[in-house]
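Each of the next two complexes has subunit A plus one other chain: subunit B in the first, subunit C in the second.
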Partner chain A sequence: MKASAIESIFLTRKPRPKEDAALRVLVLGGDQTGMDLASRLAVEGFEVLLVGGTAVGQTSEGVDLFPDAVLEEIQGFVGGFEVILRTRRDRLTERVGFIVAAQPARIVPKYEQHSLTKSRKVISLSDLEAGLRTGNALEQPLDEWFHAAFLYGLKTESQPAVFARVLDAIEKLQGQGAIQPYVFTRHLKVAAAGLERRYRECRERGTLFFKFDDAGPFFDSSPNGPVMTFTDPLLHLEMDLEPDVLVVDEELLPPTMLEPLFKSMPSSRFAAPFLKPESTRFPGVETPKAGILAVGASRGVFDPEIIRGDIEAVIVALKRPMPEPMQESLPGPPEVDPGKCTMCLTCVRLCPHGAISFSKHAEADGATCTRCGICAEECPMEAIKLEPASQQPEMSVRIRNCLVHTGAAGKIVAFLCSRSAAHAMESIGRQIGENLVPIPVPCAGTVGLTHILSAFESGADGVIVAGCFKGNCASIYGTLLAEDRVGQVRGFLGEVGIDPGRVMFVSTASNTPGVLVHAVRNLELTITRVNNVEQCEKSQKRGSGAIP
Partner chain B sequence: MKKDALILGGGIAGLWCAWELARLGLESTIVETAAFPGGRAARLCCKATDECRRCGACLLEDVLHKVVWSDRITMLLHSDLLQVQGESGDFHATVSQRPARIVSDRCNDCGACEATCPVPGALVRSPWDRGLAIDEQKCRWFQDASCRACQETCAQDAVNLDRTPEILELNASTIVLASGFKPSDPHDTPRFGYGRVPGVVTGLELESLLRQENWEPGPSRKIAFIQCVGSRDAKIGRNYCSRVCCGYALRLARLLRNRFPDLSTSMFYMDIQSFERDFDKRLKEIEQEVKLVRSIPSEIRKGADGSPELVYQGLDDNREFESFDLVVLSVGISPNQSSVELGNIVGASSNVDGFVGGDGEAAVTSRCGVFVAGTVQGPKSIEETVSHAIRTAGEVASCVSKISREENE
Partner chain C sequence: MSRIKLNTLDPSFKHRVARQPGGEAIRACFACKACSAACPISVVDKRYDPRKIIRMALLGMKKEVLESDFIWLCSSCYGCHEVCPQNVRFTEVMFAIKNLAVAEACVPPGLTGQKALLKQRGRLYEVGEFENEKREKLGLPPIVEHPEDYDRLL
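For the complex of A and B:
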């Protein structure tokens, strides 16, 4: 592969040495949220590069504006990203400590769903809002309107944020003259602060709400404009309505232009088109890659009230000391043996956090790496090692020590993900444990054939690999890799004369100790059965050997 | 010593706020009234089927492990705020700490006290199955000094009923109210038969049983979930959506179906609230597993065979009668009376729905230097609670740095 091709696929070339970029922040904006975030950051002493549509004259000190720039490329890591911005005139390379995706949602009117086309009387919610703001953007004067029909979440599900906008528009229209609003919907989304109250008030002021479970109204057109026919879901009467205006609601989608960010984070394919996976492991604005933050639409949040909180959360994330001290139980950063590394890029492609760069050999960024250990296990050259946690021997030595210490007979070695299964283990207490040798690992994704075999070599009777439930892994796919590997190891064990039943994988969470208990009990039963069978086989062999 | 924040409540909001503050280098004290940290989330169950369903309940264990190891966080259990004096930057709080009646260093978790205690629920087990505490509201010793069975039984000498509460004086720059919510009381809607009709339980009761692995379907083959119990009901003063019930009911329904495939589950609702991305696709999946009925029952009564019977408006306005083996009331999130009282003590007023703090999702309150985090401020899912607690930590940090700037000037 040509060097240029490699560069275009993996944007993680080793960056130049860090300058003082840690206090510079690239904000990808486009609306008020981006501007609010930029000025908040400036107040907090950060130097901000704001990309995306900004009204002239609204600059605040400490904010550099790049209204028409496009983010083309990202390299490097938290505290020292190198970003390439393309503007109409040139291509700029800037160094920033953090990148925040705070673009507004992509808004798509749902004309097609209803086979409607935009016309004088058929407009989108955004069109109406613009008209109400400026007073002259609409082709039809507002005072000619009486019947105003709103479509909201009729054929596809919608968002509370859109319903809030519908209510805003109705209230404004009612403030401007005589009007009869109708809302055609399926599930009203009122799960946001104050929305149910506003909905009731809107109804009390005369708006009629029709909730459909089926296809809803049928749309036709007459020379005067659109015609709607429908069965009133409550009265079961056939109705028709010729609205003076038909307002089509809109879909809120994540912003585009996240591509360079996706490329810097191999796990992003589990999150796309959003920047952050839909996982409770990432409850705030943080993404799997340190220094890249997602605000609002890019993380699937559209409620303006919650987005205001996101801005505060960005400040919190940026003010944290960096790198944060790691938990003592976690190993040190991975070390690459330059002699063994062949630059196959397996680690670069697989690191869920995008922590690995390469120049002459692969190298992990200490502040980005979460110590999951997936790279170490996946490296085909065995060139990567995670330094054991302070004052702890290497894992195979630990296993042997544990087994020697307690006596190996009947023992089960349990590799426990320190984010889920190890917590669950703590609350199991006296239920199991006598025969269990718990080995906490940073992520189940770091457990492989060598570890499992070293448990058997040390005399264990069985091995459990306990990872997180699918979708709840802090390294996105560490638990999937672990499950796959256990499957492969089972195949392999059969060939070397160990019953595959002696190894199992189990998904757990920190609050499901019971799942772990069941798994251990099941494995114990299997082991007893296998032991019996093996003993029978042995004695049969001895027996059959004696007869002839 | 003056702390940066005094956090009232050791549930997920208070814990997460304390941890975020600790990451920023700020010190806090958490005051928790119960014997164990964790709050409501500690009684919720994991709703993973073959994959995580993103209920967020395990986030509690995550943050608890972080908090326990942080030397910037002090946790006071069994403790209640009595009064607060001073102002932003210089609050003086008086806290009463009830002593631990069961000394954890001595207790070897033998269970002898549980076996002798005559009052069910007077001995409380921690949500993590290790450690015991005495509920002073239930224990006879604290009512009429009539029973010391646990202390007399304990071979480890771990139980001590005679220790007296301590009064602590704490100083802090800011105060964070994170005292949570109260589950809506199903008795407020008597027509749903809670407490009267056998087989009618709340969603929280079911979760708690599932968490303890104490629930088997037994004869329950047909299960109904009733939405909006104590939510979206202006008649009882709940003019808001609790935001979590559609999510938890459907997750529970899917969890039960996954564990016991021959169960049938139905959900009676007004409007289904989206709780995941790409909700159109999710809803189609859900429809395969859960029968969705757009109708809130007018009555739940004891049927002829003793099981609960739902009376509801079916399609075409017909009154329908349907028997179920188990009816789960999806109770919502209500303001917590003790939170409102705490709000009074610290001088933070309530909003129109009765929650403490302002409207929207604000973290600030009517009083300078006093903040809110989590469901004390209004209904939130666990994930939203965490987001909110991070926001609050940010506001607290800004406030603290402003105070220290002013002090230096």
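For the complex of A and C:
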């Protein structure tokens, strides 16, 4: 008995198909991170295709190098992507199971921000680092102090990963003799492991920090190089400095080579220029599309320590069995009626997870689809059904049934997102009143105009659509769609003389049932008020002559 | 004060202060102003602001610090010492700075006068008839000065 229980846990998870593509991984790299990830994956038994990278001799076994290749196109789904790589000589088509974007950050010096131009004494942080590596960073006058000025986060927000590099450079410089470093800053961010300690140590070794809350230093130039003038924020005294080197800080930006990946995920424009939205629904390296993973800069992470963690997260994600057919509470994968589908591709363009492909008609990939149902709701031909008609009746029929069974008078229909509001409702229990008819839906974005209107048609007094908080929707824009449709229904109701206040949208989460309770109470109050007003109007009309 | 040229200041000054006994922690200051808030001297003389003195020393304004008269205003009450979150021990930093000032021959005239007085009388003030009459009333023996010994003792 026990053994079978254990077995069943594993057997319910579909094992990864043993076909060749599932164990092949395309890594989009370009620096050490890509190399590290590729060799880590090779050790774990994956066959790795590494696009971009450094010297050929450094790769480990099991890694195919394509140093100058560019990813051009992605087709297919997790476990069987078809990717087209363009190299200098030809175009290659490869089959891979997973794609990992691990390109390095784009590094842009902030010269323009300070209206500075690169010169012998005005250099970027990368320039200084290169100089320190080769050992000719400074032409130092031995008998005098060397003044090195660093700009960091002066005009715009700064990134701790850049500050770590500034501290590295200062530490190396200070090892070279009589050097006085100055750091000119405003947004001094130290939110990374060990950075605050290093900042303190740097100060204690003699680096001077000027943390401005005014316009900061002005830059001028003299025949000898740049001149900085500023007011010391502590002494409130006018000062100037002619630095022997002025190091301009840099901005770390997401890589630019993500376009083919964006194209394979229609929801990516909500996350661009990053590959994934900042949402708890997509933890770590996961993106909205199954099989595509984002490491480091492509997901907006620049801290080397976190990037090292990302590499391990990729290994974990790839060794996990293939995505499951979802929980039982959710319907099966969407079915497209080939007779109805006109290939308008609305579903392809709108599927937040990029799960729909098309050949003769649209078709959803079972492993990529999360059963949110947005495609079914948006299909203008009603060709997509999330739930086969044999198992469950149509939503509008369900609504009618619910209301007829319980008696519609005074009822509020609540469409509840199964990921948030439905859980919230469970925790409220019956406290919220008997007049509520809860109808769980896979995603608030699947609640269409007809659903809301048919609730009113069946005699409901009010409708509430409860979805996730914006930015926390597992279908990226399900909440936005729901809110938009509620707005539209309000317009319709106003036109036909029903108070628009009878329908409302509310954002909630599983752990914020109070928000839902509050919204329901508000709606009840509105309904009572509107009912009273309508009754008064009616009685006035009816008895205008009779009442003295 | 006119415009200060950082290039002409002395970056080694802060390290020199830090090498003095008591001055070690001067570079840990993060300018929170707790010392200035706790300082009773700051209340009566705005020129004496511990935070600003530290900043000037860190910037290397050696001349401005050592030749100033305000560094001698410290009453050594240890109020700043108590409140400092960075353990700068500012009272002792002041001793270090004053020692440096004396070493660099920037002694203020008042101090030279006090030194002379100490040599002459063994005290910073003169003991006269008024004091001895009071002592007599309280049953204390009068103070007899031995100027010849003080110089030898000092």
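Methods note: the second predicted complex is superposed on the first by the 453 of 548 C-alpha atoms of A that agree within 3 Å, B and C clash if a C-alpha of one lies under 4 Å from a C-alpha of the other, contacts with A are read in each partner's own complex, and residues count from 1 in each chain.
Everything below uses one rule, namely that a contact is a pair of C-beta atoms (placed from the backbone, for glycine too) under 8 Å apart; a residue touches a chain by one contact, two chains touch by 3 or more.
Being a predicted model, the structure only gives us computed values, none of them experimental.
In the three-chain model built by superposing on subunit A, subunit B fits alongside subunit C with no clash. Within the superposed three-chain model, A:484 lies out of touch with both subunit B and subunit C [touch as defined at top]. By the touch criterion defined above, A:423 lies against subunit B but remains apart from subunit C after alignment on the C-alpha atoms of chain A. Once the two complexes are laid over each other on the shared chain, residue contacts for A:240 go to subunit C alone; subunit B is not touched.
Touch criterion not met for A:537: it reaches neither subunit B nor subunit C.
In the superposition on chain A, A:220 makes contact with neither subunit B nor subunit C.
When the two complexes are overlaid on their common chain A, residue A:200 makes contact with subunit B and with subunit C alike. Note on subunit A: of its two partners subunit C and subunit B, the one contacting more of its residues is B. Residue contacts after overlaying the shared chain place A:259 against neither subunit B nor subunit C. By the document's definition of touching, neither partner reaches A:112: not subunit B, not subunit C. With both structures placed on the common chain, the touch criterion links A:337 to neither subunit B nor subunit C. Think of it this way: put the two complexes on top of each other by chain A, and the tightest Cα contact between subunit B and subunit C is 5 Å. Across the two superposed structures, the residue set of subunit A contacted by subunit B and also by subunit C is 200.
Those residues of subunit B that touch subunit A in the complex are listed here as 20, 23-25, 44-46, 48, 50-52, 54-62, 65, 69, 109, 128-130, 211, 213, 232, 234, 239-241, 243, 246, 271-277, 279-280, 283, 294, 316-317, 352-353, 359-361, 363, 378, 382-384, 386-388, 390-391, 393-395, 397-398. For subunit A in complex with subunit B, the residues that touch the partner chain are 156-160, 187-197, 200, 211, 213, 236, 274, 278-280, 283-284, 300, 303, 305-306, 308-310, 312-313, 315-316, 319-321, 324, 327, 419-420, 423, 426-430, 468-472, 507, 509-514.
Looking at the complex, you find that subunit C touches subunit A at residues 1-7, 11-12, 14-15, 27-28, 30-31, 51-52, 55-56, 58-60. Interface residues of subunit A, counted against subunit C in their complex, comprise 145, 147, 178, 180, 182, 200, 203-206, 208, 229, 232, 234-235, 237-242.
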